[in-house]
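Look at the two complexes coming up: chain A is in both, with chain B in one and chain C in the other.
Moving on to the complex of A and B:
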């Protein structure tokens, strides 16, 4: 197999990415030498910040497309989605690599990242999360490996992986489902700090459902991008199918959130003009209500341009949700403690670098690996 | 290759079934009871004169080897909040990676008597919960509740710095060494290193009035309830330093708020408070309830094994059903 000649390696966009990667790595090194205090604006009331909210929580949610499409193709046997199963798995794999990279920089002792694997504490959600990251990243590497083996011409290895692929997918679906919900479960322990607009005993389920929505939007979004920039032809039916799925999942999520708003929180909290209230409204209107309203109209649901736009606002909406849970939901607690947080420019640059690494690796994979030939 | 697709399916379904049916895995979490040997502190804000001797002694005692502020690199130095000339004046305004124990003052307007305002000191440090959120949150067992004394200790060599303890602690106690490239969590460990050598908490040792009183938690709980039953205006021999040491001081009994903070809060703590002013005004997060915080996450974690099992079975069954359906479709097509 040859590299894809339609994809040029050095475009202006790639060069910008490479610059961002170099800058990000430099700031990352600075963080390794001088520590978190010198690099970030984190403090004792906001121990988790931009990296955790965007790169880890957002990155993992973004990766949900991998298990959804793998599940649809391998378990439900919906052949229609076979052409996008490889890009979806690759996105998931890169999403997790990005999350692990961000975690590496975010934890106080990067080189002890492996500690949870030998120091067990099964009562801790964080331990459960750590185990899922380890196992699911390994599973994704396995699911991704056939692309590499095909390129290298390692027939035997490819066939060996092919034999256990279905098993890997079943494990992957299980691990991913639990990992998405466990990330929500992490926050169950802080009802005394979070606004009831987000805190709820059903938070794990909220995280899972919103991650599925994000995954669907992300897969559709990047398929559209590959179609435009990487000249990968796909049927319109894939987009409309994903849009239908998105409508169902997001509609269900809207009901969940409304139920939570009326039972745990109160609508008055959302409209009280506070930072929490405003962020909640922004997240809900942009990421949930607006997309549901648009997709509910059949004409729009079948319009590729509209679908593309909807995908973008859903992705932004779910990322906003993760940032809200991680940061803005604690606004009044932080104010009560007299502490605030907004990311430093160094945190921004590292996040940009991490995201650029993901996009760059995706592009290189599209050029050099059999990503679309299926 | 020995393993084929069918084996794999059997394996995943088998593991799944075992996990899904093994109800014992998710048995109810053991309720953590207060150990009879548990030690703690009773802080009576009405006795506190704000001399901050506790803070000074705390810093000194914990900068020694084994203490919560000890670092090999800075051995022999006391970690002051301010560098240079200002070092002489060491008055932190909040807990930090250099301050485990803090006295704060509250000044408010009284509703009853005009002109005369309410006033109280309050001492902040780790409350050593009976069932601590931080211990349940820590993924690597760096934070542990010591059997017997019930002291919540921290092992910096296990900690990898996820800071979930900071998120989990409802009292906002664990502090992080943000400025270090090899940082640790810092919190009061009730002078565990001194207790191991037969001593007791430095803050209580230094307290001249008995405001900070060390002892067995059960004794302290009794003492606290006894004080609430005293008549305001009477005199009472308040124990000083250590409840078992017998040293007392005669004081006029003040008007107490009828509540022992820490008896029920967050499921109970080994550091308890008495005060003459509402506790909400003394810097306690009013959103803290009597909830045993680790139960909140255990409700989820305890179901994980069952979820793993159920999802593996569901995935395998779905695959088998769709494969069979496809085969049937193909047979039908070739039959036509």
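Moving on to the complex of A and C:
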């Protein structure tokens, strides 16, 4: 029995994904056997590379849509968004699973991933991040479970979860805001490594606000994709509502970033032609200024095709921001240390595999679980 | 006596300004590991009217040592031979020639008995009565034997004079012999400044030390000044971290060679050669890597008896001291330039994706 029999399992895209997953898993096994040094180009100046920047930081930011929509639907009772609450939660759940998977491969001793849950080091932001990941992934699993119980016909279990759902959502929102911001707080330790264009004591807030923007864009983006490929019909109002929210959040983010540019860094640093300056300009233009400029026009804000494009741009911009914070803001430091970094092909393959796993699981869930039942 | 050096700040010492000159003395003091306070004393000594007379004999040599000395700029050779020392005789730099020059040497030896410094470059052939190297019809062996007993100090400059060098290479047809072996019987000590050529400042420093303190600098068991020859080249080599980390140039012009990796596998004799090349570079350009290893040429052990002109050029040197394991952290990381190319790659991908996304907004809205 399938929830959406009109979704075909074996399409060319799916087959490509399966190949990428197999390759990614193979390289992942290689990393488990031969270690990080043999697999990645990480070094002393760049201990956090592509996996951290894209899969963990990007993946977690992508997952922000889960808590935003859950909050809107379960806490604020904005019924309009009910059709997309399950896809949003699923995305968040898969995003976190991918982040955990990437983290598992990225840390030096993968099988010590559970250590923070037993060995508490509450002076450390890293410990906070680890605990958040553990708790929030569990919470997301709980928020996700009704779909599974419905599919399996476990009515009792579903009703039990339904009773604590609001509590779980409140807990999840709390954890999520803390987790998104504490991922930024991790970087507070390296003011001397990072360019002031990014480093700021308010970096955690930047991370939270940009994650909200990314979450909104991501939910809107994948709803549009589901509509097109998975034949999931939704009202146009959902898209325009999300676009309006995106405009507000991005506008606020722009103010935050400008305040930081003028108080902590200086505009001249952005225009000095250095790698940091150029990447900052690109990130700000693509991820913030361009979307705000487009969405500010009412005509475009109501055009689904434009909204779709803007969503993509915002997603690219925020991922660019995470890569910048994690890697390129430290260009001067890396050059001073005499060390360079560009990911090895193995790192690329693993990242592709991890992303493919996420997309593949989403598609399989859409096919087999009551994802779009209203 | 009023100090000649301190008397006037604008007074020139034979083309050398006072400032440059004191700087030179300070440099000499530093390179010998002496306190900087001796620099003025050195300046006094080398500018005293009683300039130390120097007689320079040449045996089987290529004039490379003299040539390298001619290239010094702190001080330049002219101020050295006219103002600092009194060069009484040198085949390369003599103003006169033939019997006139020989006569002056004899006069000078007579006049400066027990006071002059005898410098010898080149090995001395002893086979067949020393007939293989003659000056003015006289074997250089005899000239040396006549001159050395009257010298205040004997300095053998260059590998040939110090331990035989090229002329003494197998099968040594002329019986080329180092200076100290010839003078051993007479009980005359010889300071050896080996090298092919040696760094001219090692020689200058030795001379000035003698002029200042009236005694020779501390010498090792092979009579080499300790300030220059107490350490292996390998110990202070700028490429040493590569050696310790196991990064070697495998052949000339390969990736490792171009990246400045260790030249050990190309036959660098730094690990068995005692000299200060790795800390005191050549050509008066201080620390710009102007020395063989710095330019990518393996050390061939020119200054070490039994290594230079003896062991094969490309054979691996014997490493005398154990080194840290290859997994020890590197002291000087490989040269890099941050994540620039990767950053711009990501930037390009982002711009491309944005362009595609925007291009797809054309056309009619489906709803």
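We take it that the second predicted complex is superposed on the first by the 371 of 374 C-alpha atoms of A that agree within 3 Å, B and C clash if a C-alpha of one lies under 4 Å from a C-alpha of the other, contacts with A are read in each partner's own complex, and residues count from 1 in each chain.
Rule of thumb we're sticking to: contacts are C-beta pairs under 8 Å (C-beta built on N, C-alpha and C of every residue); 3 or more make two chains touch, one makes a residue touch a chain.
Since the model is a prediction, treat every value here as computed from it, not as a measurement.
After overlaying the two complexes on the shared chain, residue contacts for A:304 are found with chain C alone; chain B is out of touch. Of the two partner chains placed by the overlay, neither chain B nor chain C lies in contact with A:222. When the shared chain is aligned, no partner comes close enough to touch A:347: not chain B, not chain C. The partner that reaches more residues of chain A, of the two candidates chain B and chain C, is B.
Looking at the shared chain after the overlay, A:337 reaches both chain B and chain C. Shared-chain residue A:44: touches chain B and chain C both. Looking at the shared chain after the overlay, A:286 reaches chain C, while chain B stays out of its contact range.
Contact with chain C, but none with chain B, is seen for A:323 once the two complexes are overlaid on the shared chain. When the shared chain is aligned, chain B comes close enough to touch A:178, but chain C does not. With both structures placed on the common chain, the touch criterion links A:143 to neither chain B nor chain C. Shared contact residues on chain A (touching chain B in one structure, chain C in the other): 43-45, 333, 337-338. Against chain A, the residues of chain C that register as touching in their complex are 332-347, 350-351, 353-354, 357-358, 360-363, 365-367. Residue ranges on chain A touching chain C, taken from their complex, read 43-46, 236, 275, 278-279, 282, 286, 290, 303-306, 308-309, 312-313, 316-317, 319-320, 323, 327-328, 330-335, 337-343. Residues 1, 3-5, 8-9, 11-12, 29, 94-96, 133, 136-141, 158-164, 166-168, 170, 172, 174-184, 285, 287-289, 291, 293-294, 296-301, 304, 307-308, 311-312, 315-316, 318-319, 322-323, 325-326 of chain B are the ones that touch chain A when the two sit in their complex. Residues 32-38, 42-45, 47-48, 71, 74-77, 107-109, 112-113, 115-116, 119-130, 160, 163-164, 166-167, 169-171, 173-174, 177-178, 181-182, 185-193, 201, 204, 333, 336-338 of chain A are the ones that touch chain B when the two sit in their complex.
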